[in-house]
Each structure stands twice: as structure tokens, then as C-alpha cells.
Amino acid sequence: MAELTYRDAVARGIAQEMARDDDVIFFGEDVAKAGGVFKATVGLLDQFGPIRVRDTPISEQAILGAAMGAAMTGLKPIAEIMFSDFLAVCWDYVANEFPKSRYMTNGQVKCPLVVRTGNGAGSRFGAQHSQSVENWCMMIPGLKVVAPSSPADVVGLLAAAVRDPDPVIFFEHKSLYAVKGEVPDGEIVDTLGTAKILRPGKDATVLALALMVPRALAAAETLAAEHGIEVEVVDVRSLVPLDMQTILGSVGRTHRLFTVEENPRLCGWGAEIVSIAVEEAFYDMDGPPVRITTPHIPLPAADALEDMVLPTPARIVETIRRSLGS
Amino acid sequence: MAELTYRDAVARGIAQEMARDDDVIFFGEDVAKAGGVFKATVGLLDQFGPIRVRDTPISEQAILGAAMGAAMTGLKPIAEIMFSDFLAVCWDYVANEFPKSRYMTNGQVKCPLVVRTGNGAGSRFGAQHSQSVENWCMMIPGLKVVAPSSPADVVGLLAAAVRDPDPVIFFEHKSLYAVKGEVPDGEIVDTLGTAKILRPGKDATVLALALMVPRALAAAETLAAEHGIEVEVVDVRSLVPLDMQTILGSVGRTHRLFTVEENPRLCGWGAEIVSIAVEEAFYDMDGPPVRITTPHIPLPAADALEDMVLPTPARIVETIRRSLGS
Amino acid sequence: MAKKTAEATVLDRSNDDIGEAVRLELYRKQQVIRQAEQRAYDLFLQNLVKGTSHLSLGQEAIAAAFGTAMRPGDLSFCTYRGHAHTLARGVSVESVLGELMQRDNGLMRGKGGSMHLTSVEHGVMGSYAIIGAHLPIACGAALTAQYKGTGDVAVCFFGDGTTNIGAFHEALNFAAIWKLPVVFVCENNLYMEYTAIHEVTAVKHPAADRAAAYGLERIVVDGNDADAVYRTAQAAFAKARAGDGPSLIECLTYRHSGHSRADPAKYRPEGELERWKERDPIKVYRERLKSFGIAESVMTSIDQEVARMVDAATEACKAAPMPPEDILFTDVYADGGWAWRN
Amino acid sequence: MAKKTAEATVLDRSNDDIGEAVRLELYRKQQVIRQAEQRAYDLFLQNLVKGTSHLSLGQEAIAAAFGTAMRPGDLSFCTYRGHAHTLARGVSVESVLGELMQRDNGLMRGKGGSMHLTSVEHGVMGSYAIIGAHLPIACGAALTAQYKGTGDVAVCFFGDGTTNIGAFHEALNFAAIWKLPVVFVCENNLYMEYTAIHEVTAVKHPAADRAAAYGLERIVVDGNDADAVYRTAQAAFAKARAGDGPSLIECLTYRHSGHSRADPAKYRPEGELERWKERDPIKVYRERLKSFGIAESVMTSIDQEVARMVDAATEACKAAPMPPEDILFTDVYADGGWAWRN
């Protein structure tokens, strides 16, 4: 057991897989010599050499297209898109190429690749470098979508993503890179499509992802300590595949559902899960499911402003307390 | 009153606005000399000349970027992206540039433009030329998103979009281009953000958009005639702004909500509206809201297969009938 | 190389770099493409071809020459106008026509449609319908070949109009800096869909005039001359296999039909089609073979053999069932299914 | 043009194409940029600059020269590294520093941040943080100028690394075919973020060696020489205003600091920074002015005046409040608000 930052967990996860399988290669902008702009890939060039770990030009379409072509022909590429906002300049690959090639070819073409990308707010970078865009990917049939909240999950889910035979978009939260956590020694391989109940509770189910997980946990502490409300906090971890069994199981016990989303309000994963839950568990619910989200606005840059828009523990506490009428 | 195809309504709407305002210009691939691949812009070059109606290279980023720059500086461009699937190759403009520029600049920059695009399935074109991607746009704060279902709505909503001071993504359904409808004579200007109750009913509210509107209406006829179920059919028309008053008003009367979506299942407008409706009208609902969607798969090309996946009147009837227990 | 003589009738065949066997193969491939595509057009008129389709009538020499110059292991990346390049790798006419007819015997059982023909077993790694998307993808396939040291080459076909999209630029630079074994083949048929390429392009030769922007040689070849294309392909493949990186080849040609089945091609100036038809690649090549002393009867028997094959394929397709419902939900994911939740 | 003499001390100023007034303006603008950016760096060390910031230390001559050559009505399109170009159009140091400090007195009251500096009243139509996005946008602004016949020019600044993204290619071709009055200015500072441009680019001059791909003239200029850049800008503007279309200008320069505040720039080979500092554009230009016979005291008084202005701006920013909560929900839409539903 070692204490590792989320940032170092990324490098460890990649290194674990590259050491295991020569077909794993890794490339992106400034990822090799410089170890990445978030310093999440430091040391990989030294360990695996310049053929397997490569710096690219600023050509996101070439990066993802090349990753796809390599994946189709027998390699297992990991490609970095520096900020998830930049998925917009190579969206055709994510939306139209990776996820449709296997289906359109009736199973002939495979696409086992991982796109790692820095997601989320908190760095005061403004509207084009702070978005949470995991819902862009969840919308697209044929992708898998993962967003870990802890260093241990980073290693395990990244390994699972690399070993997965389908295209996986792997969202690393920029504001979690510096966070530390215990990571078991040795090889770690987690399972995609599994949510985790991080805190049991009987009064309501609270779903969260990535940076919202520690905030939901903090809110749960306050709710218990100050309001006698015991919420069950579920780290969704994987949007596709989606672990609805764990989620519906929890709602079946608590009869109330809250989602805590960093993405802007419309058409997020919260809307999807709420819609599934009401369709399948309507009569189990004691009250309306409530989504706690960032408001539907572009993100402001200023620290004073940015801090006001993301869901905070205080806002989570307040929303849940009021909705439960206590 | 004249009978017009949906296709001709597009040209009429553009012509109406270009005749009114010299600042309106129009460009896209093959739109001028050839009148568009869907023949929806025939005659505009002759009427307005080669300075205002222009063919572009296959450069979607240049098309949308140029539209934005022109909009910022005083023109009112209408740009065509031939198939809505191709929004993926210029997604940065739609997701990161148009919708954020005003906010980021604290109101200094304006972006009054319209992107017209051919959306939806039914032409047996396969997975990269048949998608319904209106939800891609609904997700993004700062855009407006419109999808008319009739020739009269095409003219009126297109005019409203051109006059709107914000960026509007205007989804024309490819399978509606040949459909005819009555269109009033003279200038028509509709209002964005208004849903339309096309058929009143007391037993359930059925929301539909674009090609799903005629299908929902057909289903409503069958439900009434064969099952004695009277559903209220609402054409949502505009996803942003979203006319929740009309929708919630209807649900308040019928106590049941169904959505009929062509887009794949996850994170569509149906999920958003259901989530809003349950949060705000939970205790008004007599049963779970149900989404009727295309399954979450890429679209197959074959006619035999494509016909099986989009919601059909029969599937709508069956789902509603079962859900209402009759 | 054939010696130029005034008579041009008797040539020293043994001395030719291409040779009779390969020439007959080049001829046959062009015939297969021509006849299969003409059949696709007829079937469309009978309402048996669904969706869209994009023919290469008039452009056959390019696909045939590259298909002939490629070796097993080399990989093809095609566009929606990809019947020709798919057939040129030996994929059966039946499976191509079946896909166009959206039948269960189609290459992808109707799931992909005419714009996405793919036959991995023949090295046809897909046909791509979003302009430019496959240029970077071909780079990736070339990267695998380079990484594994297979000596294989990725060949990426596209049109003149495609040179103006961003992915073209990114792919060319990417391939050049990593010296990837990829050959980019621009079929300049003078038009994008309905717009003439010169109206929307800043240079005369949309591909060749940009080669220098990627440190590459400027290559323009007569795309209606299968021999010329074949020789150019061989040189590019040799370069790629030697580790000397990519090539960008502009082939000048012309499509005889409209852009797609929906297009009557009225935008063409009068006489243009007729002028190009005089240089019909198959006509040109038949004359060439004759000038090399190959008997007319040899070509005629190839023509007939191909006709019989295309007829048989047509009948098989007409008899083939529609794809069954159960394949709708297969192969979204690698586990064979489409489940996105538990 | 200044006559070259062996002594280079006494020159015929009256005969010079630039003239003393403009030269002093060029000097002053470079000083404003230098001092404001150095202050931004100091404030960052004091933890008063939030988020990221990208300095142009060492690259000032380019922004200063273009800013001086532009006339009211001309429009600037900048990048995240856009403080310099924004200041060069006359935007106040206070409003720029205020935005970097994310205060209510910032150009956009903190809503945009350092990467999005915009002052429409000064013709600064935005700073864009997604590489390449603003090249097509600048084309659109040029289209308006062309359509309205204003004679205005759009000027679009970007870096060497930006030449490898698709939007660059699309914009250049688009501008060329429509002969748009847009001037593309590539500041080649040898690096993208941390990667040397030559490692990822197929040609030596990432912009200039590609000009021919768009039918444009190859232009490379010493970006550390404000006079050279000024003359090149004027020629390009004249061409654009005459209706003769776009230019692509590659300015050779070097950034003295890291890519952004997070970057200590350890990837640079030893001695490289020092060599470039010898050619510091401000140092070079001060010498130039002296060689034209302008007294040192003139420059010193400019330096001091700028220093006082930057000090005052700093104090104003430190005293400025944080932006208030209510602006969070303004200006998403043109109605002033953010309502997406009724």
C-alpha cells in the first residue's frame, strides 16, 4: 500500500499496462519529453522509450485518427487529449468513427483504444478549458465512458480501459490531480461498469462522479452530523457501461434519489439516470428525484465566480435537507 | 395559402429573410449553383446573386468559423452543414465558440447566426449520415436549438432564427423534405421557444419533435379509434428555449407523460424533460413517465433494418396502451 | 519500358517493366469494376439498390492499378466512393452488390451500406463517409506496420475536394514527421459533389501543389492510364517499405456518372464528359494491350467471363433475403452485443 | 529607408520610410507590453494572478508593430497569449491586469480570464484559447469588411504550433479563394508548449513553407525587429485593402519566459535563451533609435512614464473588488440573461 497522487496514479496505470503488453503505445501533445502539461505522464518516456511514448504536433484529429487506425490493426493505443474541451476539435472520431466502425462493418473492425483527457473545473481556466464533457460521450452509442474519483480507481479503471476491447474515453479530473490516496501494491485491474457505494445510508441515494464524489461525501457527513440524515453516497465511476443494478438497488432501499453533477444542467448523466429510475422505480420513490448541477451557463474564469457555480457540499446539504423536509 | 413542400419552405424562409435584410448572407457546400444536395436552396443564387449566396469548399470549420466572424461584425449569416452528422467535424464552433463568446466577453461579442443542417434517419444512408443530433446541441449552454415538423413551421421558425440575436442551430429533417403542407401567404415569423399542442387529449401527454410528430399524431389516431385513449400531442419545436410551461401545463391536465425521440436513448431531450417534469410535477403524475426512443445503437443502413429501429406509430401505440394499462 | 515506335504495333514485351500477366490483371480489374458498377446503376433504376451509391465509372484505372500493385497485408482505406477499391482487392462482386441492395448476403449484411464497404480479410479496412476522416486513420494503420516492422503499406484513397478539409492537413504532416508507410492517393475528378474543384481551391492541383507543405515530392499522374498509375504506385510502395515515409499522389481523372445516384450532373460544361470519354481508361487500356500484341480475343474472353460473374452475382443478390432483425443488436460492442447498462 | 553607413550613428531621418513619430510609438508599445507583462509575472509570484497566463516577453516587437500599423476599424484576433496584442491596440493596462487578477475592473469583469481578452471598442475581437479556432473566425470578419466595402483588415495572430491543426489549413484556403482582407501572422517562437516545433513539423518554416499551398507568397520576417515587422505589416495591409486578398507572414521570434505560468521551460537547450536575449527586441530597438540620433533621455522618459502607468494600474487592480455574484447569470444570451426555458 502506497500513498499516491491521482496524477501519479495515471502514470502508474499506464506504466503497468505498457510493461505488461508491448502493443500498448502512448502519444499526445507534450506527453513524452515534458511528461504532460499536468505532469501525469512523467517518467514514461524514460521507461518505455521514444518509439512507444511520443510527442505529437497540435493535431487532435491526427492523434485520434491515428489511434483508431493503430487500434484496428493490432495495437492498443492510449491517446491523450490535453483538455477535454478539445474533444470538440476531434469530435468526429469520438462521435462518428470509434463507436460506429464495429457495428457498421458487422463486427469486422475492432477499436480497442483509450482516450485520456483532463476534464472539469476548478483551475480558473475559463469557459474553454474547464468543462465537464462526459455527457458528450455518454450520448454516443458504442463508446465506453469512465471517470474515476480516487488514485486507486485511476490505476484500476485505466488498466481495465486499456484491456477493454472497445473504445474507452477516460476522464481525469484536473482538480483531483493533486489529491492523494492509498493505492494497493502490485497489479491492479478494476472492472468497468461498476458503481461503488462509498457510504451506506438509509434516507436517500446520492449519486456523484469524479470531483463531485468528495463533495457528496462531505455533504453526507454534514447531513448526518447536523441534520440526522443518512444518505447513501454512490460513486458512479462508469457512465457506460452503467451500473443501474447498484443504483436501483440503492434507490429501492432509500426511496429517494439525488444526483450531483458538475456538467451543465441539460441532458447530463443525471437526467438519464433519473429518467431510467422513474421509469423503472416510480412507485418505489417517496418523492421527486432531484438533480444538483452546475447551472446551464458557460463557466466563468474568476475564482470568485467559478467557486459559486459548481455544486458545493453546502449546496448539496441544503438541497437534500429541503427536499427531505427536515 | 399555398401548398409547399418542407424542402421549398426552407428556400422560401431564407428568401424572405434575405429580401428583408441585406445583412443576411448564405453559404455552404453546393448550396448556390446546385441549390443544395437536398434541393432545399434552389433559386436563391439567381435571386440574390453570387455575393450573398456562395458555394464553399469542403471545409466545415471554415464555414462555421467564417459565419461566426461575420456575425460578430455585423452580418447575419446562414450557414449550411449538409448532414447534421458533419457537425462533428466543426463541433468546436458549435460547442466552444458560438455559445461562449458573448458570456466570456461579458456581453461584448454577439453571434447572431443560423446553422441549418439536414438531420435524421429514413434515407438508408447508414450510421454516419442518418443521426439525430439535436441533443448534442441541447447540451451546450448558450445555443438555441430548433427542429420544425411542418412546412409552415419551417418558414416561421427559420425567420425567427435569422432574426434572433443568438446562435441558432436549425435542424431540418431529411425525411420531411418531401412532405407537403399549407403555408400562409406573405411574411411569416414564428416565435422560438414555443411548443404547440397539435391535438388535445386528456389521458396522456405525448411530446414529439420533427419526424416523430407525424408518427405521434398517427399513433394518437389509433389510440383514440382502437383503444379509446385520448392523448395530447405536443410538438416541442424548440429545445432551447424550451417551452416548459406548455409541457407542464399539459402534464398537469393529463397526469401522464410520454416522449417520442428519434435520437438514441441516452441523454436525449426526453431525459431532460422527464427529469424536469418529475422534479416539478412529481405529485401530479399518475404513473411513470416513459421515453420512447431509438435504441442506443448506431443506425443500420438497410431499409429493412432502419425501419425497425426508429419509433413507429405502432410502437408508440403499444407502449402507451400498455403503460396506461388498457 | 515499352519502346516507342512509329507504328506502335509490335513491341518488345519481354523488355517491359510491367509485363503481360500484370497487364491482363490490370485489364480484368478494370472490367470487374466497370461491369459491377454499371450493374449497380441498372439495379438502382430497378429500385433494387437502396440508400445512396457513388460510382467510379471512368475512374477505374486508379483502383485497379493500386489494387494490383498492393500485396497481401497492405491495407486499403476507401471512401463512400469505394466499390472500385474494394473490388480491386478481390472482394466478390456478390458481396458488394448485396450490400448495395441491403441484403443479408452483403459484405456487412446491410448494417453498413454502400458508403462503408469493408472486408478486413481482404485488407479493406473500411470505407469512410465523413470527408477526410480516414486519412488520419490510415496513418494509424501505417504506424502499426512501422511498429511491428511488417513492411506493409496503408493506402488511402480520396477525392480532390477532400484536400480542403482540416484532417487532410493534419494527416499529411503527421505521416511525414513520423515517416509512416502510407500512400495518399488523391483522385482528382475535377468536382467535389456538384462544385468544380477549381472554384474552391487556391491552387491548380489540390493535392500535388500542397505536397511541398509536408516536405513531399510533387506527383501528378494520368489517372486514366493504368500503367502510369501502376508504376507510380510501385515507386511509392517501394519508398514506404524502405522506411522513407509517405507519398501523396494526385491522379487526374473524371467520373462519367453523377456524384451519387441522386445526381444527373447538369453542372458540367457541354462537351466535357464526351472529351473525357474519349480517354475512357478501359478503352485506352484495351488499345494499349492490342498495341502490345495481345489478341483482341483475350480481352473479349475476359469481358465475357466478368459479365457472367456479374450476372451470377446479381441473381444471387436478388435471391438473397433481407437481413434479419436479430443482427440489429449485435456488434455494437466487442462482446457481440449492445448492452450499455446492467 | 535608413541608409547603411559604416558608423551607423548619423542617419538621414527625414528620408526614412517609418519616421521618428512612428518609431517612438513602436518603442512605447513595446515598453508597455514588456512592463505590463513583467508586472503580471510579479503579481503571479504574489499569488495575485489567478488561473493561467501566457506572456509574450521577448515577442513584443510583433504585437507592437502590427498594433501600430493597424488603423481604427481593423480587427485583431488573438490567442491565449494575447495580452501583448490587446495592449498594442490601446487597451488599458489596468483592464488587462484586472482580468488577469480576476477582478471586477477586468476587461470582462473576470468572466473570460487571461486567455480571452476582448475589447470590441478597440477592435480586439477576442482572444481564443482553442488552437486554430480564430483563423476561420478572422476570415468571417474579413468577409464582412469585404461585403460592406469598409476597407478594414482582420489581423489574426497565432503561433508556430498552430500551423499543424486542421483549422489553419481550412482558413488559409478559404481566405485565398474568396480573396478576403485578412492577414495571418504566425509568431514562430520555436516551441509549441514544451515541444520544439521542428520535432513535429514536416517543413522548416511552419507557416512560410506552406504559403504556396494556398497560392500565397512566402514571407519570413525577423520578428524581433519592430521596423521589419512594421514594413511587412504595411505591405500586407495595402494588399488586403486593395482587394488582393490575404497574406501569411511568419515572424521569427522567441519567448523569454515559459509557455505559461506553470512552465519553468527546462526543455530549452543551454544557451538558447541567452543567445536570443542578446537580440531582445526592445534592446535592439533602443539601439536603433539611438543610431537614428534620438537621445537616450527620450527613451528613458518613455520608460518612466510607462512604469508610472503600470504602477498606477497595479494599485487600481489591487484595490478593485472581486466580481459580484450577479454577473454570473448575465450575457449568456442577447437578452442579457441565461434563461433556456420558460
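Going by the order they are written in, the chains are A, B, C and D; count residues from 1 in each one.
The working rule: contacts are C-beta pairs under 8 Å (C-beta built on N, C-alpha and C of every residue); 3 or more make two chains touch, one makes a residue touch a chain.
This structure is a prediction, so every number in the text was calculated from the model and none was measured.
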Between B-C and A-C, the pair with more C-beta contacts: A-C
Chain at maximum distance from subunit C, centres defined as averaged CA atoms: D
Separation of mean Cα positions, subunit C and subunit A [Å, integer]: 41
Distance from the mean Cα position of subunit B to that of subunit A, given in whole angstrom: 30
Subunit C-subunit D separation of Cα centroids, rounded to whole Å: 46
Euclidean distance of C-alpha centroids - subunit B vs subunit C, Å: 37
Touching two or more other chains - residues of subunit B: 56-57, 59-61, 85, 88-89, 92, 96, 103-104, 126-128, 141-142, 240, 266, 296-298, 300-301
Junction residues of subunit C, two or more chains touched: 109, 111-113, 116, 128, 130, 133, 164-167, 170, 173, 177, 199-201, 327, 332, 338, 340
Partner subunit A, residues of subunit C touching it in the complex: 75, 77, 107-109, 111-113, 116, 118-120, 125-126, 128, 130, 133-145, 147-148, 154, 166-167, 170-171, 173-174, 177-178, 327, 330-336, 338-342
Subunit A-facing residues of subunit D, complex: 50-52, 102-103, 106, 109-116, 129-133, 161-162, 164-167, 192-195, 199-201, 262, 267, 322-323, 325, 327-329, 332, 338, 340
Complex contact set, residues of subunit B against subunit D: 25, 51, 54, 56-57, 59-75, 77, 92-93, 96-97, 101-110, 112, 141-142, 144, 164-166, 193, 240-245, 276
Subunit B contact footprint on subunit A (complex, rising order): 85, 88-89, 91-92, 94-96, 99-100, 103-104, 126-128, 135-136, 138-142, 240, 264, 266-272, 274-275, 278-280, 282-283, 285, 287-291, 296-298, 300-301
Subunit D-touching residues of subunit A, taken from the complex the two chains share: 29-30, 33-34, 37, 55-61, 85-86, 88-89, 123-129, 266, 295-298, 300-305, 308-309
